[in-house]
Every structure is written in structure tokens, then in C-alpha cells.
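Two complexes come next, and they have one chain in common, chain A, joined by chain B in the first and chain C in the second.
On to the complex of A and B.
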């Protein structure tokens, strides 16, 4: 044991920083969260043990269930819309009809820019774009003959701007990842398919999609984590009450606005459990398909 | 056949131009409004026309919030965060890619698995830990926890794995120490990867919002992003839109310019002349 440690001192030392940081800033906080969630603690004084009190409170808390529902909406809509848009844009950028390399480079850069823009700043811009009275979006809607839509002031519509902002900002990142996958598919497959008379749709369905399976899986896993920890977008584009709150945002507000640390930690534990269950399901499905 | 090709070409270009417009419109629109005088109409389509461009909104912004102080905070955390993260991620990526130490595979999958549960869920105890070590209201609270990130290690590992083993072996025979190999052989070779990952980290740190919101609790310590988020409420409900959008312009445009510059570096040749023959 000691001899191995001595022999491989260098690599162990090189990876040590990560594990120290993981221990102090991720593992301990996670375990500690579980402990605090079992106490009644307002941030001052010492925590009082209260068993599953916080969880019982959560079960009948409408705001908790609304935030959970919102997060599921953001997650599913994000997963479908972002991956579809990213796939479309990546295919367009990789298209053989895009002949000039300079044009390709331009479109690549231009379509990546949304990902660079801060969610907070874009949220403020979207707040103005979607303003009920002065917003540009409503102007376009009324030009098309529709009524003024109360985007951010009604519970029916308030999630739409958040979803649009999500799609706008996250799509470029996944476009880039999918594009790198597309570039790795051998051109020979397509040539052979063309000779065999397969049309573009068939080529996409039988060559492109199967080749991208691993990358699409990677995208859906990372996007899932991103969407469950969504905070900035719904924080900066609030609807009435908690109609737009994500679960993670509700946790932050319970802990640091209302100073109900015990309750916030209980929400944290629920988030951890949900993320673990989703990961296990994702990897189990993948394993059944025989890909892992 | 030829006509079909024409139609396809037009469709591809048309769609791409349409998508580009959607991508660029909010950014351009923001810039236009930020230079409008407050007396001009910003309702609907009127918002697109700028009659009297002015910098008054930016002046107003500088009077309202300590822009220089907050910019310094943002720049400091961004640069320190990026440099430390690049160095330690590359170091760990190098260890995973070029050494066959016991437990390597397990530890590597362990690193990957830590990505599945984000550290944000433990923010209550994290706040307590930061208070205990005296890092609340300190800019270091944004740097220290993330000097080695799982995704960074993963990225660097992928890239360093492609560096030929002969390079490492040759340096070792020449009597180079392990750390020396990293500094003198690996780092120079992985410059393109450092540029790409550096750009990604730089953008993420600049746009960081949740952690500064959590750890920095007074205006002199805010990063630019936190200050900007408070603009709509910092003068009651009356902050005019052009001033708010001047603020967002201030955080978005510099990072776009920086990105366009960094993009040039990323195209630098990979593995240029590293192995002869």
C-alpha cells in the first residue's frame, strides 16, 4: 500500500486538489444538508432536532409542489426543444449545401453568441421584450391580429418567456457538441446511402441519429442536471407569486430570504434524491440498450 | 437534379439566416435601446429607431452604482478563477491520462459521477462553511471551491490522452521530474485545448450569478452581474429601461468581444511539430 503510494506519488498528488475540494465543498455539505433537513433551524441559535417535520410540512406546501411542477415543465420542455433545435442547427451547419467555409465560420460564431450572454442580462432584456404594454413581442402579436398577451403577469403564460430564454441560451452549447459528433461521422456512409437511393430524411434517420446516440445521451444527462438546478432564468423572469419559481430557487428563497434553513435543506435533499433517481434511470435504460 | 440542389441550398441558407437573426436580434436591440435618450419612445416598434444617440444612460448608470468597483470584482474573480481552474484541471487530467496508477479507472469514474449532483443543492451548509472560514464577502469564495472541476478534468483528460506517450517517456529519460514534464512538455503541447477550455471557463465565471449572490452580501463586494440584477429595483420601481439595458450592455458586449478574439487562438494548429517523423 505504502509502496504503491510512494511509487505513484506524483499522479496521486496531481489529482489530490480535486478530491480535497470535493470533500470540503461537495461531500460534507451534502451530508450536512441531510442532517440540517431533520432539524428546525432559523439560521441563528442551535438547530433543534424535529425528525421528519420539515418533510411533513413540505407534503402539504402548495408552493413546494408548484415549484416542483415548474421545474419538471422546464426540464421536459428544455430536453425536447433544446435538443431538437440543437440537432437542426448542427445539421444545417454541417450541410454540404453550405459550400463556403467563410459562411460556415460566420454562422457558427453567430449562432453560438447567445450562449455567451449572461442569463441575468438576457432575462432583463426578455422582461422588456415580453412587457404587456410596451413590449415588442406584443406589438408583433397585435400586428398579426391577436390580443395583448399578459406574458409575465398571468399564471397561464408566465413560464413561456422563461422557456424561450432557456432554449435561446442553452441551444448553442448543445449545437456545438452535436456538431463535433456530426464531423466524426464518415462521409462514406452518406455516399453509399446516396448511391443506394436513400433520401435526406432516410439518411438522417438511419445514419445520423444512430451515430449520434452516445452524444445525445451525454447531452440529455448534462441538460437534465442543468435544468434541475435552474435558477438565474426563473429568478430574473418572475411570474406572479411562485408561478415561475424553480425548485432550486424555492430552496434558496426558503433558506436565505425567509431564513428557514431546516426547510431549505429538506428541499435540497429532495433535489439530490430526484437527481440520483433520474441518473440511475438514464443509465439503466442505456445499459438495457447494451451501450454501456 | 440541379433544381433540387438549388432549392436545398436556398433552404439551408435561408434557415441559417433566420436562426442567426433570432440569435442576434435581442443583443442588437439591447445596444440600440441603451443609447436612446430617456425622452424617446421605447414602445413596440418605436424602440428600434434611434433618433438621438446618447451616452447619458451610461453616465446615469455610473452615478447609480459603483461600476468600477463591481467591474474590478468581476474581472478579479473571472481571471483568478480561470487561471487556477485551467492549471489544476490540466494537472489532474494529465495524471489520469498518462499514469497507470492503481484505482485510476475507479477514481476517474468517481470524478465523472460527481457531476450528476450539483454542489448547489448543499448551499445552506456551504454558506455556513464559508462563514466559518471567513470567506463570506470575500472574492476568494468564488475562486477556491472551483479550482479543480470535474468537467474540466474530463475535458483535459480527453485532450492529453491524445498526446503521444513517446513525448512523456523521452522527457522522463532525460531526467525530467513529473511536475517538470507537466510544465515543460504537456502544457506547451495542449495550448489549443487550454485556449478553448479557457474561453469556456472565462465566460462561465463572468456570467456566474448564483454563487456571488449567495456569498457576497454588500454592494462594494458585488460582482457586476449581481449589481445589474438589482438595477430594476435600485431606484424604487422607476429605473428607466434604457438605463437598465445600458447595464446589460456593459456586461454582455465586453465578453462577446473577448470571445471573438479568443476564437482566433483556438484555431491554432493542434500538435504542431510535437513529434518528428
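On to the complex of A and C.
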């Protein structure tokens, strides 16, 4: 071991900064979080050990389960809508109909803009758009002859603005990733398919999608983590109670509004476990498919 | 050679990472400065227990910034303290004061807690604006200075219960800043137009009846008041409003959850339910443009809320200037109390050698008891449509200045009414360290009720169930 370290000290030294940061800012806080989750601690004073009390509390906490359910909704809807929208836009940007380079550059920039806007600022604008009384969305609904929809004041609709904001913000990033994948697919495949008489849908289904498999997998893993960490969107567009809160938001509020650090840590531990299980399943499925 | 350079580079990167993680030593000179300010500390000892304006002779406070965490619009308070410092350059020649704007007491607590946890005590503020729950937690953690000795001789000079919510186990942990009552704001012009006698609103039944008449006579154009779909319904209608005046309880004296069977709760939340079901309340978020528009268009006739609402009205509802009046909050039959006052405090942070503790007490004393300076500042606040509250000093309240008519209230003296409305105040709900969590649970159920997802009976039952499941028993201290 020591001989190996001595022999390869240069590469080990190069990766050392990452591991120092990883240990200091990720591993140690994670272990600390697990410890705090077993205590009753309000952020000041000494933590008092309470065993699995916080986890037992979680089991009977309606707000926790509602936030967990909401997060699953955001995750599933995000995976489907964001990847579909990103793929569609990436295909359009890569389309042969967009011939001029200047036009392509313009649309690429325009597509990416939502991603660089500050999430909180966008959230505030969406809050105005979805306001029940004076919001633009309800104005349009009214013009179309419909009744005013209580977007953010009803438990039924309050998740919809969050999902829309979510899709609007995340789609550009994944569009760019998918577009880079599309640009790497050899044109030869499409030319051969055209010669064989394949139409656009068949080319998409039999060439584009299989070629993007690994990138789509990467997107789904990244999106899964992002969606389970969702915070800004639901925090800035609050609905009644926890009707549209994400689990991450509930964890934050338990920690910094209620100052129940032990309980918030327990939620954090559950989040880590959920993400680990999902990631393991995703990787296992890919391995079984022989793709990894 | 290349290998050596590579190793050197890697070593530099590692060292940089370690340095970045190790924290800065920038505080060291500040700490030295603070220690050098031992004169402040000396002043501390010299004036302890004085109960008067602390003597400043011979004491010169060290150069630096006195930091105060506050909420609302603290820049206006800063104006007062800056003027005070300008007038006292002999004792604080190079001291500046900075009021840091925060979102609220939770934000203040978060900032103080995180800073204390990190061990960077020099970065803690010198003082902070606090509510009773935060005082309780910070005092328990030893982060607040004990003000008992300093305040005890001053208690007779202040309004009743000025220090009540800052007293824990007989010790006072913060300086009283304001005690503001619940009041009933009503638009006299609307009541005159529909020939409704505002006096009928002295009881809760009369208040609801006034709403019914307003709705009927205006063909549903005018609402009695508002209901907020967010947590503010619990905060303003519930915890600070109808719950105390109905004599409601969340916990019994032993800390057991009783909200589900409590008659007071049924009265308080039942009144909200009646008003909401009968369409007397406009569903809109408070402190947002939609509500201000409705007020300016004379579509909302009353606000049963804390006296702090005055500043929001003056700032945002200029179109109704002169139309509003204030009266005591309605009383529930059989209880006879008119809403509980809301107290706010300034706590001096215990951070070791705090060179400005005594200086801040001097400023607070002046702000609380200097009649002339306070009146000048209040005039300036009125001119700027800025917030101010009635003083806690009895002597100051007796000054004719605090009975002067207010233009915004059609010649009625808002300041005088604010003082009068304190007279029949209900007791606040018991303060417990579990309040923040309880508020979250209760508010969530109330929000679902406002959203139309459950009846008020179900909401109360769910509050009871979830409080029992999540908190169980509270530590009732007061």
C-alpha cells in the first residue's frame, strides 16, 4: 500500500484536494446528520439522544407523507415532461429545416435563457402569473370563458404551477445535453435509412433513440437527483399547508422554521436512502440490459 | 523536472483546499479590538443594576459597528439611533450602528444559531429584535444577557406586562420594545353609506352581524374583512387574534394537547368558519397588491388585527385616507376580553466580551424614555409614512403628543386609541418551546380549510390528532 502510494504519489496528490473537500463537506456532514437524526436538538444547546424517536414521529406525520407524495409527483412528471420537451426541442434545433447557422445559434440561446434566470425571481413572476385574482393565466382562462382557477390556493391545483415552472427551468439544460448527443450521431445512419425508405418517425425510433440511450440514462439519473432535491420552485409558490411542498422543502422548514434539527436530519437521512435505492435500481436495470 | 513541478502543483492545490477549509483569521484583529474595548466592560460593571440611564462619564466606546438584527423596516429605527450616536460622539466617537434587515424572528434565530454553532462569536450581532419563543430558546442556550438587574428598577415606569413574555424563571432576558394591542380598523365611510352602526362591532356576534348587513346592503360588493390562504390566517386571525380573545387553549396547564375539545377554540375558529361560509371574507393574501386595491376601492370594510396594520394602511391605502377609524377588538360573549397584545423585545446578545452592551442599553433607555427625542422621531416617521409604535413608558404615554389627532383616521387619535385598546386585553396563548412546530401543524390544517378541502370541525380534529402525534406534550413555561 505504502509502496503503491510512494510510486504513484503524483496522481494521488492530484486527486487529494477532491477527497479532502469530499470528506470535509460531504462525508463528515452526512455522518453527523445520521447522528443528529437520532437526537432531539433545536440547533442550540446540546443534542439529546432520543433513539429512533424522530423516525417514529415521521411515520405518523401526515405532512411528511404528503411532501413525500408531492416529491414523487414532481419526480415522475419531471422525468416524463422534461425529457420529452428537451428531446423535442433538441431534435428541432438539430433539424435540417433550421438551415442558417445564425438562426440555429439564436434559437439555442433563446432556448437556454430560462436556465440562467434566477430561480427565485422566476418563482416570483410565476406567482404573479398564477395569482387567482389578478394573474395573467386566469385572465386568459376568463377570456376563453372559463372560471377563475385557484392555482395556488387550492390543494387540487397547487402542484401544477410548480410542475410548469420546474419543466420550464430544467428543460433547457437537458436540451443542450441531448443536443450534444444528437450531434454525435453519424449522418451516415440517417442517409442509409433514407435510402432504405425509412420515414422520419422510423428514423427517430430506430436510430435517434437507441443512439441516445446512454445520454438519456444520464439525464434520468441527474433529473432524479434534481427532482428529489427540488426546493426553490415549491418554496416560492406555496400552496395550502403542505399540498405542494417538496420533501426537501419540508426538511428545510423543519430545520430552519421550526428549528427541529433532529427531525430535519431524519428527513435528510430518509432522502439519502431513497436516492440511493433509486440510483441502485437505475444502475441495476442498465446493467441487466448490458448497457453498462 | 516535470514530475517535480506536477508534485509541487498538487501540493499547492492541496494546501489551498486546506486553507480554504480552515476558516479565516480575519476576526483576530476584531477580537483584539473588542478586548481593547474593555472600557465598555468596565461601564457594564459600573452601571449594573442602576435602573437609570447608564452613566457614561469617562467611558469611551471602541471604534466599530454595533450590529442589530431586526425586521419590518429597521432602517427607520436606525435613523433614531444614528442621531443619538451623533449627539454622543464624546463617548462613542467612532461607533457606527447597523440595523440588518431580516425576514422575521425565524430568520434572526437561524442566523444567530448558525453563527453561534460555527463558533464565530465575533460575528454575532450585538443585539436583536426578538419574540417570546426565540427569547426562550436563546436564553436557554445562554445567548442572551440577563437584564433582570438592569430592568427591575424600571418596571414601574413601563406599561403593564411590558417584560412578561421575556421573563423566564423570574429572570428578564430582553428589553421591551413595544406592546401593541389587537384593534378593529373600520372604514367609517362604508358604514355611513350603508347606515350600519359600528358600535355593534363591540361583540363578536355584532361583528359578524355587521358583515351580514354589509353584504346584503352592498349586494355582495363589500366584504367584512379578508381571509388569507397562507399561514397568515393562523397568525393574525388565530394565534394573535380570536384564539386569545375567545379564551382558547392549545395545551392545558400540564402541556397536554386540548385543542380538539377546547370550547374557546371552537368559539374562535367557529367565528372564522361562520364568516367564511357566509361569504363575508374576501379570499386574498394580506400585504399584497390585490388586497390593497380592494381596500382602496372600498371593498373591504374592517380589519381585526394588530395595531401594526396601521403602517401598512398608511403606506398602501392613500385613497382611503381619512375614512378609517379604530376601536377596541370585539369581545366574545362570556369571555369579555378584547384580543391579546403582541410584545416585541430587543435582546442583547451574550457573546463574551461584547463592548457595546452598555452602549445599546443607553440607546434603548433614550428611545424608551426620552420624550422629546422620541416625539421628534415619530413626527419624522409620520412624514415618511414609516412605522412606529406606542412607547412602553407610562410617562411618555401621558404626554399630550400621544393623544394628537391622526389625519389618516379622520381626526381620531390613533396613538391614543392604541393605548386605550391595551386596557381590556386578553392573555396570550401559553408560550412553549414547541410553538413554532405547533403553529406549522395548526396552520397547515387551517390552510386546507381555507382551500375548501375540509370542514372546520375536521380541521380542528386534525390539528388535535397531528399535535398529539408529532409533539405529544409541550413544556408550558408561562
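The definition used in the following text is that the second predicted complex is superposed on the first by the 286 of 292 C-alpha atoms of A that agree within 3 Å, B and C clash if a C-alpha of one lies under 4 Å from a C-alpha of the other, contacts with A are read in each partner's own complex, and residues count from 1 in each chain.
Just so it is clear, a residue touches a chain if its C-beta (ideal position, glycine included) is under 8 Å from a C-beta of that chain, and two chains touch if they have at least 3 such contacts.
Predicted model, so just to flag it, every value in this text is computed and none were measured.
Participant: First (chain B), second (chain C), both or neither: which does A:229 touch?
Facilitator: first
Participant: Tell me which of chain B and chain C touches more residues of chain A.
Facilitator: On the superposition, B touches more of the residues of chain A.
Participant: With both complexes superposed on chain A, which partner does A:153 reach: first (chain B), second (chain C), both or neither?
Facilitator: second
Participant: With the two structures laid over each other on chain A, which partner does A:44 touch: chain B (first), chain C (second), both, or neither?
Facilitator: second
Participant: Of the two partner chains, chain B (first) and chain C (second), which one does A:125 touch, if any: first, second, both, or neither?
Facilitator: first
Participant: Touching A:238, do we find chain B (first), chain C (second), both, or neither?
Facilitator: The answer is second: A:238 touches chain C but not chain B.
Participant: Of the partners chain B and chain C, which touch A:8 in the superposed model: first, second, both, neither?
Facilitator: Once the two structures are laid over each other on A, A:8 reaches chain B alone.
Participant: Should A:36 be classified as contacting the first partner (chain B), the second (chain C), both, or neither?
Facilitator: After superposition on chain A, A:36 lies in contact with chain B alone.
Participant: Touching A:285, do we find chain B (first), chain C (second), both, or neither?
Facilitator: In the superposed model, A:285 contacts neither chain B nor chain C.
Participant: Scan A:256 for contacts with chain B and chain C and give back first, second, both or neither.
Facilitator: both
Participant: Can you give me the overlap between the chain B contact set and the chain C contact set on chain A?
Facilitator: 10, 14, 17, 21, 24, 133-134, 256
Participant: Within the complex, which stretch of chain C touches chain A?
Facilitator: Of all residues in chain C, those touching chain A are 3, 6-7, 10-11, 13-14, 16-18, 21, 106, 109-110, 113-114, 116-117, 137-138, 140-141, 143, 229-230, 283-284, 289-290, 293, 433, 436-437, 440-441, 443-445, 447-448, 450-453, 462, 466, 469-470.
Participant: Chain C touches which residues of chain A in the complex?
Facilitator: On the chain A side, the touching residues are 9-10, 13-14, 16-17, 20-21, 24, 42-45, 57, 60-63, 131-134, 150, 152-155, 238-243, 253, 256-260.
Participant: Enumerate the contact residues on chain A facing chain B in the complex.
Facilitator: Interface residues on the chain A side: 4, 8, 10-12, 14-15, 17-18, 21-22, 24-26, 28-30, 32-33, 36, 88-89, 92-93, 95, 97-99, 103, 107, 109-111, 113-122, 124-129, 133-136, 138-139, 168, 172, 221-222, 225, 228-229, 231-232, 235-236, 248, 251-252, 255-256, 261, 264-265, 268, 271-272, 275-276, 279.
Participant: Residues of chain B touching chain A in their complex?
Facilitator: 5, 8-9, 11-13, 15-16, 19-20, 22-24, 26-27, 29-30, 33, 42-45, 47, 88, 91-92, 94-96, 99, 101-102, 104, 107, 111, 114-129, 144-150, 153, 178-179, 182, 203, 206-207, 209-210, 214, 225, 228-229, 231-232, 241, 244-245, 247-248, 251-252, 255-256, 259-260, 263
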